[in-house]
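Sharing a structure with you now.
We call the chains A, B, C, D, E and F, going by the order they appear; numbering starts again at 1 in every chain.
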Amino acid sequence: MKKPKLSHYDDSGAVSMVDVSAKPVSSRSAIARAYVAMPPDVIAALPHNKKGDPLEVARIAGISAAKKTADLIPLCHQLPLSHVAVEFRLDAGGIEITATARTVAQTGVEMEAMTAVSIAALTIYDMTKALNKAIEIREIHLLEKTGGKSGTFRRKSMSSAK
Amino acid sequence: MKKPKLSHYDDSGAVSMVDVSAKPVSSRSAIARAYVAMPPDVIAALPHNKKGDPLEVARIAGISAAKKTADLIPLCHQLPLSHVAVEFRLDAGGIEITATARTVAQTGVEMEAMTAVSIAALTIYDMTKALNKAIEIREIHLLEKTGGKSGTFRRKSMSSAK
Amino acid sequence: MKKPKLSHYDDSGAVSMVDVSAKPVSSRSAIARAYVAMPPDVIAALPHNKKGDPLEVARIAGISAAKKTADLIPLCHQLPLSHVAVEFRLDAGGIEITATARTVAQTGVEMEAMTAVSIAALTIYDMTKALNKAIEIREIHLLEKTGGKSGTFRRKSMSSAK
Amino acid sequence: MKKPKLSHYDDSGAVSMVDVSAKPVSSRSAIARAYVAMPPDVIAALPHNKKGDPLEVARIAGISAAKKTADLIPLCHQLPLSHVAVEFRLDAGGIEITATARTVAQTGVEMEAMTAVSIAALTIYDMTKALNKAIEIREIHLLEKTGGKSGTFRRKSMSSAK
Amino acid sequence: MKKPKLSHYDDSGAVSMVDVSAKPVSSRSAIARAYVAMPPDVIAALPHNKKGDPLEVARIAGISAAKKTADLIPLCHQLPLSHVAVEFRLDAGGIEITATARTVAQTGVEMEAMTAVSIAALTIYDMTKALNKAIEIREIHLLEKTGGKSGTFRRKSMSSAK
Amino acid sequence: MKKPKLSHYDDSGAVSMVDVSAKPVSSRSAIARAYVAMPPDVIAALPHNKKGDPLEVARIAGISAAKKTADLIPLCHQLPLSHVAVEFRLDAGGIEITATARTVAQTGVEMEAMTAVSIAALTIYDMTKALNKAIEIREIHLLEKTGGKSGTFRRKSMSSAK
């Protein structure tokens, strides 16, 4: 069995954008999640803005960032995204962010979904930081991944998820 | 006393890049932190790469991303950064990332430091995800901020930190 | 019959980069047009520059901008353009700009052609504004579009063009 | 009297990013305007979206684009913008867009305000084009400019505005 | 026989991003080379840095730059790179850099490989320039190219290589 | 005497964007040079294009690239350039390119001038490569640098230029 190894390294041990030329083009998707923890008074302040809801600004920022993933993550391949969506769910402790990315390509869109939730979360932080500088971004992880040779992944817990 | 409100809104309730023309130029700094939680076998795999240590790739990615902050966060001002550094500390559960940003400008560098740790963390995720897809980015927050009208902030806990 | 609706919205009413994964790859083109209105003395000043004709600078700016469309228009898909050309025609009142864009992809290139003429027009404005600040960019619209499910469009007038 | 000439040319007739090293840093502003003409049924369709109002997406796009001006317009200087705002006004024939930009720098922000209204207009076009492809962007021009050696400009008509 | 002519010109003599819509998608590769000449004391100083080896920083810069080629070279097509690698070889006079780029696309990756070695070389210059400002980048050229209608090219000498 | 060391390293040996917060703002300039060697028939083909002279396209590309330097070279500071010019001189063996960059800032513009000549040279290569793939970019180096603590540098030869 081939032992898993760090990504993006060639046989000499040097980093590279690994060669995916021979991989088939296939339909792929990924869903990532982040959580922005904030105290109740910040959550209460969120809906008081008719124009420019902070979550709508964050949604645009997350979608735009997904398209810049290969410019931000040095060894990521450039991918033509066929779909990006960013969703929010408020609860008593903050805002849960999920992002879905899809492509038809030779490699997957995990990093695109992870980048979308991260930049959406940073944008929410940016728009609420005047209220409380201790707002924290927590638990950025992959929820699901489909397509490609490694097949479908669905997150359980960190230790069991290999 | 002026009540704190969401950032980046004008009096009509619309978002804008707020006017800092009248603010004095001053020396400002910010330190942010992130944590990448990973199981012991992933941590053990990290130092086995002589060329292109994943943490060195992440350091470059974090520094580069700090310079792109205004392009990623819609309402951020463009700032000429006078210093960016990204540091790593390994412990039994993963990697702690801290980033320091400095400028001499009319507004602060919180978002630049927050962006640097976030993209450094995403890069570590990208380079280790083949080993375990459940690696998680946790606790992205501001540790310290100096300069500007609001003065020095040092993080305590979320509830007391306003 | 399916009623036309605003672009880029999902069923919940949220904006997204809509899913084109299931659409077939096909050959598509678009032609857009803009007009830069300028007084006769500005038009007369244009050809007096042997090196760096302002229209040639604008041509490069328009072609380059077409490649940045997905970075400028938040919900646009990234497209590998297979052709971009920008043409100019001087008349007594100013400069007519047309741009042609082509791709072989799952979605169309309208916005790429529209962006090319707009940035070419802004570049002409930038290079002539010292002569007359009242130069105006007028009538940016789509002239023609081919390919895709909606088929060929050729501009008539605004009211009849649905 | 020094005769006005095309911008961005040096004495040999070659284009360059002209030398502003010796110019004093001063406070500068610019206001630009664009108009998106659309038939009544498109205007009627605009407010039917609770999440992601097309005008709010366009506002973010315009503000973000202002920060990219020097990357879009080849001979523009890079400027740290101290303020950008984009406003909309609906009337019976379409949407009027105005953008205000401010800086404290050695050169002015005309192109930043012009770029903001242009990209905001293109974004509105992008979000409404499914309803009517003949929507047209009209009358992009400078309304006002303050600061710098040339002083204040306020638009009258094209011929008298030199 | 069709006489070779300058690239990127249409029949009217204007530059354009030439139309490759009708060209078949095929596998293509290119290898480029650059040399950074530096005196012996600079070469001796290179390996004294445990963290952040200058060559590893240059490798990341070269790979990242390959992905930005269409944004740097005005008439280049955007290409989804399927592989980029940058290699270094030290000798007594300096550092030889080679970059390999691959794609499956309608046009070739010469410029991507050329851009990768150039930016990697500039990064080495940037990191060593405090030691000696006379370090020089030399002999940036294409070593090999495969795929496409023109077939395989392997560099001999300048005069014979047509 | 302080021994010169590699740039961009902190005391722990890690790379960083070094802290220039305490350095005074001063006027700085740099001039860099590159040479594109090409056989006589390629040189003869150059002026046959009325529209879109390849050198004018290269000039725009070089000026635009100077503004992207901090995005290309990982540890470069962002600088507001106050002037960029790119000049060409044809001789019997090819084209000599010189670029001048100026700023009023806390750090110098060497890399901006070096980047401008490099990308201008790559653009000339791109536009002539259909004629002869063996065209070579040679001798990219700094000619002159003024301002800053290290004062004026003028290139002599590599060994004596420290």
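Everything that follows uses one rule, which is that contacts are C-beta pairs under 8 Å (C-beta built on N, C-alpha and C of every residue); 3 or more make two chains touch, one makes a residue touch a chain.
Remember, it's a predicted structure, so these values are computed and weren't measured experimentally.
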How short can a chain-to-chain path be from chain A to chain F, counted in steps between touching chains? 2
Of all chains present, which has the mean Cα position farthest from that of chain E? D
So the centre of each chain is just the mean of its C-alpha atoms; given that, what is the distance between chain A and chain B in Å? 16
Quick check: how many Å separate the C-alpha centres of chain B and chain F? 31
Hey, what residues on chain F touch two or more of the other chains? 14-15, 51-52, 56-57, 59-61, 64, 68, 71, 74-75, 80
Name the graph shape formed by the protein chains and their touching pairs; answer line, ring, star, complete or other. other
Check the chains against each other and report every pair that touches. A-B, A-C, A-D, A-E, B-D, B-E, B-F, C-D, C-E, C-F, D-F, E-F
Show which residues of chain D lie in contact with chain A when the two form their complex. 51-53, 56-57, 59-61, 64
Touching chain C in the complex, chain D uses residues 4-9, 12-15, 37-39, 45-46, 48-52, 54, 57, 60-61, 64-65, 68, 71-76, 110-111, 114-115, 118-119, 121-123, 125-142, 145, 153, 155-162
Which positions of chain C touch chain E when the two form their complex? 27, 56, 59-60, 63-64, 66-68, 80-87, 102-104
If you look only at chain C, which of its residues touch chain A in the complex? 10, 14-21, 70-71, 74-75, 77-80, 105-106
